[in-house]
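After this come two complexes, each holding chain A, first together with chain B and then together with chain C.
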Partner chain A sequence: MSSTNRFAYFPGCSADSTGISFTKSAEFVCKRIGIELVEIPDWCCCGTSAALVTDKNLAVALPARSLALAEKMDADLDVATGCAGCFNSLKSARHFAKQSEDNRAYVEDLIDMPYSASNDVFSFLEIMHRPENQELIKNNMVTTLHGLKVASYYGCALVRPSKVCEFDDTEDPRSMDELIELVGGEAIDWGYKVECCGGSHNISDPKAAKKLTERIYEDAMINGAEAIAVACPLCFLNLDMREKELNAIREAEGKSLFNIPTYYFTELLGMTMGGSFKELGIDKHFWPAEDIAKQALSARTQSDDTAEAKEVAK
Partner chain B sequence: MDTTNLSNVTNAELEAADRIGKEAGVRFDDCYQCGKCSAGCPMAHAMDYVPRQVIRLLQLGIVDEALNAKSPWICAHCMVCSARCPQGVDITATMLSVRREAKRRGLRPDKEADIFDDIFIGNVRSFGKSNEAILAAKYNLLSGHLMQDMLNAPKMAARGMIGPKIHSVKDKEAVKKLVDKALSKGGEQK
Partner chain C sequence: MSRVGVFVCHCGSNIAGTVDVEHVAEEAAKLPNVAYATTNKYMCSDPGQQAVREAIIEHNLDRIVIASCSPRMHEATFRKMLAGTDINPYMLEIANVREQCSWVHKDKDVGTPKAIDLVKMAVAKVNYDAPLTTTTIPVNKRALIIGGGIAGMQAALDIADAGYPVTIVEKESSLGGRMVMLDKTFPTMDCSACICTPKMTDVGAHPNITIKTLAEVESVGGYIGNFEVTVREKAKYVDYDTCTGCSLCETKCPSKVDSEFDQGLAKRRAIYRPFAQAVPAKPTIDAKNCRKLIDGKCGVCEKVCPVGSIKFDDEDKVTTEVYGAIIVAIGYQLIDWTKIYGEYGGGRFKDVISGLQFERLVNASGPTEGHILRPSDNTEPKTVVIVKCVGSRDPEKAKSYCSRACCMYAAKHAHQYLDKVKDARCYIFYMDIRTPGKGYDEFYMNTQHDGARYIRGRVSKIINQNGKLICKGEDTLLGSQVTVEADMVVLETAMVPADEANQIGSMLGITRDKDLWLSEAHPKLRPVETNSGGIYLAGTCQGPKDIPDSVAQASAAAMKVAILFSKDELESNAMIANSNKNLCNGCGACVAICPYGAITLEEITARENSVMVTREISKVNPGLCQGCGACTVACRPGAMDLRGFTDEQIMREVAALCQW
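What follows is the complex of A and B.
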């Protein structure tokens, strides 16, 4: 593991489209705490599940090309990415190449480029959760979340399979919860942290996808969450964009309605570091997210704020 | 419960089961049918065969039935089953492997999913990156469904999430070559 805060950056295809708020808020936090991201020159799509269901070799070749390009740029840098799906694809390709010298050579032949598989891959969540970065986050806080009740949602691709992801606990991950608590939120206990949101079925089987999303909101609501935090653009889209549709269905069924905004965990961190909603992309959500964010930030008076910020910063 | 006459299982099916298992890196005999995979599967409610049953079909060599099942196409690849199997059976890899074998044989028990993935890969082959706007337009055309509705395209455009700009790699030829080479191996790894 590289100990520096400098990374070869894999933005992923959603970075300046559907995942724009993740990109903005993550880059904001990185800049504030001195994480340097050097974009991998000419990186390509990781293939995501479309490659996986199409062909095993394709699912290795696409991410491996970007990893090899990262190595070519600077062999000492590990790779950082925001998207959980990209993380999983990149990490899987590396895992495959790491299995044996045969595999590594096979990958090289597949992509027609040298690839040593020496650089590792990390998600923003894992990087920001490192103790030294938690320290930096703490030092850069100007306010806190004032006990905002947050359900941390990890989904599938960051933690499974564990031998590939090498990150946190498969059934009860804690890293996002800990970051939420670091900036003064209350990480609530709930049961759907690692349940699938159905994101991959958003398009081909929207009915099935909605059912999965609804379970997540339901459990968050029952457990008193005021907000859900995510670390993946696909999970975000699937939760944020579906809430209104789900409520319409629930209203017709006479069920209670959801009113829980979803945030990227980086938006919540950035908020406490003085980032404006616009800078962080909080103004771009489908489900209105600014009011609850404002409430969280101003839950105390200004003077309390400063006192508490100092308290946390200690 | 239905009974199955195993003498109907053909040699071709047994060979296919071997191949599917090899591609998935799974020995189907490891499964003792406890059902834990199916209990935690978020898509089981929509499947014709729950994950445990898919493995059972493969254990018994009833491969044609597995290849025509919708389950591998309904599977969301969430990997919960594989993470929880007490026997270390990689069910997710099995679902993928069955689906790819079905695809290679031109079977598409779930046309919708297949159309989308084909367009997605075609998009990546041409541009090296995935473009949501092109993806949506082509999907609408080929499936007769409006993905635009699904993705709230007007709202996305209003938020600057999607636009007319096409994202693409510089070295398009390299990506095209890489995609074609990977696909030319017919699913065999090494």
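What follows is the complex of A and C.
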């Protein structure tokens, strides 16, 4: 693990499209707290689940190629990525190569490039959760979330399988909750932290996927969440984009409607560091997210809240 | 020149199946000094032994090699056989051609040449065997038992009834261990306290038994028959000689803390007996929570005590005594599931409880007086989910082994719940049902007839929603996902070794397995002995087991102690280390490496090179030395040698193997 805050950056395919808010907000936070991201030259698709079901070799070769390129660029740098899917693919390829010298040689053969598998892969969540970076986040805060009730949603790819991801508790992760509380939010206790968001089922079996997404909203609502925080572009898409569709179905069924915006955790961090909604990409959500964000930041900025903000900022 | 006899065993087809034993004997006959070589179907049997005895006389043999199973199995058998002949019992070598040869190979082409090599080595070694003799050591006929649970108590009573003094060292303030916390016992459903507390009383009243509570063994020196044991009895702050056990102090103490005995479901005072039937029936002060001992304010107990037994200046008492045998009965604890199973709430949900907490809930003298009420709101749960194998049979997250008792007590819990709560539903998630024991499967079937619904699969997740515990799992028989809305969940958690297991194991020289259970010397042939002479195991410290098995093992361990105590003297081990004082330079490396503390440095004054010198040399205590040989490899000048395994013998074996 490199001790510096300099990383080879793997943006992934969503960085400039569906995950633009993640990219913008993460880059904002990184800049503020001094994390330097150096984009890996000529990085390619991580393969994600599509490669995994197509061909096992492809599923290893695609991420390994980008990791090898990162090594070629600067062998001392660990790799950082935002997307949980990319994180999982990169981590899996590295895990495979690290298992034996034979495996590593096999990977080199596949990608026709030298690859030592010495540099590690970290997600933004893991990087920002490091104690020294938590300290930096705290020092850069200008306001707090004023007790905004947030359900931290980790999804499937960040912490599982534990032997590959080597990060946080597989069944009851706490890192995002701790970051939310660091910036003055209230991380609520709920049951769907790591349950499936529906993921790519939205293409193959939308009906099944909706059910999976719906139960996440339901449990968050029951437990009093005002917002959901995520660390994965696909989770974000499934929650943020589907809320309207879900509400339409629920209305027809006579069920209560959801009104919970979804944020990338980096957006919530960025908000407390003075980032504008535009800078952080909060204006680009499908489900309107600006009102509750505004409320959290300012509606309660009475004298006691400012005192509290100072308290937390300390 | 020696006359060696080589005897190759068929062991039925165990050896003969993959080793051409006749050919091995033919080859052995060609070896130097071998006067006779033959085979036998079962060398260890009576006719087999008789054949060896006859061959010794007929061929005038002065030493023998037996090519058979591991020496752990039958070396002692053949030594005993030699004791009836003119040959010294240590003029014997065993070539292990079974465990280390025939069992690990599949065909004779590999097995036979290897067996020949092993025999060659044994012959080379036996040529350098020397007659060995044993000495005798005295036996102190007093037993120490570490742990006062059901196993420790049973062993103590048996030894004490045989007429020998026994001391029990118990770390808690009362005897009873885990069993006394249980409500009822399967499969007979007799009340656990009703069969455990009379035993406690018997132990307390037995003239041959001394009880030391709140006590821990600090150090153990010495050897079989002569252990020197130092015990620290922690300060109780109550004078047990004058205290009448009236318990007035307990009612007046203002400091309330979670009761360990009631598993945190009820409170106790800072001056307390863990439970009403405690033995000794006298209270102790928990110094961590006593206001008087923390900041000098209070002292109510002292004021109300009618006999003036409170002693705030009480101190730990350290005593050293000599015992002839030690039984380790330190029991088990339940795995801390909260750190491992985040999917079950990691301890955040009040109504997800452990099996032991359920025992307290259902017990008439427990916190709810036997009414099954859920801890969060004291309402009666109408649906209970029982999850088995929490931490057991889960090598990915916790332990790979089966905890053996959980299937049965899960059935018991279901039966008790369905019996006590009307219109109740009980779901049991299981992996397999394991009910080997008298009346066990019938008990399980009865629980099913009671209406317990068994679902084959694990619970993957528990979610707390609107006061209900949503249990999600898979029914692997139906191949479908199931969700149960429960009011309370009982986790039947894995048994793991007591915290002290590792420390006590290393103090007494008992090996531990991968999970830190204390290891017996042999699972079948020496199940209650350890590899340290005079130290025995009883109960769950050796591995998960239920009460009947614990009690049986405790009586077996007690029997071993009684056998030891039936003799006034013991024969010492002949194959021990021996220091050559002319070569020893007194460096002390052997003293440091000896795991049994058997070697000391001793000052000698002797004439060396025509000069009188005084210097230190190492000396081996023949009673303590277990013949492990660690000192012989640590010894730089080569002064230390192991009788029966001398450096010369080992080198001869190596030479024999490399010669061809």
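Everything that follows uses one rule, which is that the second predicted complex is superposed on the first by the 308 of 314 C-alpha atoms of A that agree within 3 Å, B and C clash if a C-alpha of one lies under 4 Å from a C-alpha of the other, contacts with A are read in each partner's own complex, and residues count from 1 in each chain.
Quick note on the criterion: contacts are C-beta pairs under 8 Å (C-beta built on N, C-alpha and C of every residue); 3 or more make two chains touch, one makes a residue touch a chain.
Remember, it's a predicted structure, so these values are computed and weren't measured experimentally.
Of the two partner chains placed by superposition, A:Asn139 touches none, neither chain B nor chain C. By the touch criterion defined above, A:Thr170 reaches both chain B and chain C. Note on chain A: of its two partners chain C and chain B, the one contacting more of its residues is B. In the superposed model, A:Asp219 lies in contact with chain C only, and not with chain B. In the superposed model, A:Tyr192 makes contact with chain C only, not with chain B. Common to the chain B-facing and chain C-facing surfaces of chain A are residues 170-171, 195.
Interface of chain B with chain A (complex): residues 23, 42-43, 45-46, 74, 76-80, 82-83, 90, 92, 96, 99-100, 103, 110, 112-113, 115-118, 120-121, 124, 128-132, 139, 147, 150-152, 155-156, 159-162, 167, 169-171, 174-175, 177-179, 181-183, 185, 187, 189-190.
The touching residues of chain A, when paired with chain B in their complex, are 13-14, 16-18, 20, 42-45, 47-58, 60-62, 65, 102, 106, 110-112, 156, 160-162, 170-171, 194-196, 198-206, 208, 211-212, 215, 241, 284, 286. Those residues of chain A whose C-beta lies close enough to touch chain C in the complex are 169-173, 189-192, 195, 219, 222-223. Residues of chain C that touch chain A in their complex: 341-343, 345-346, 348, 461-466, 470.
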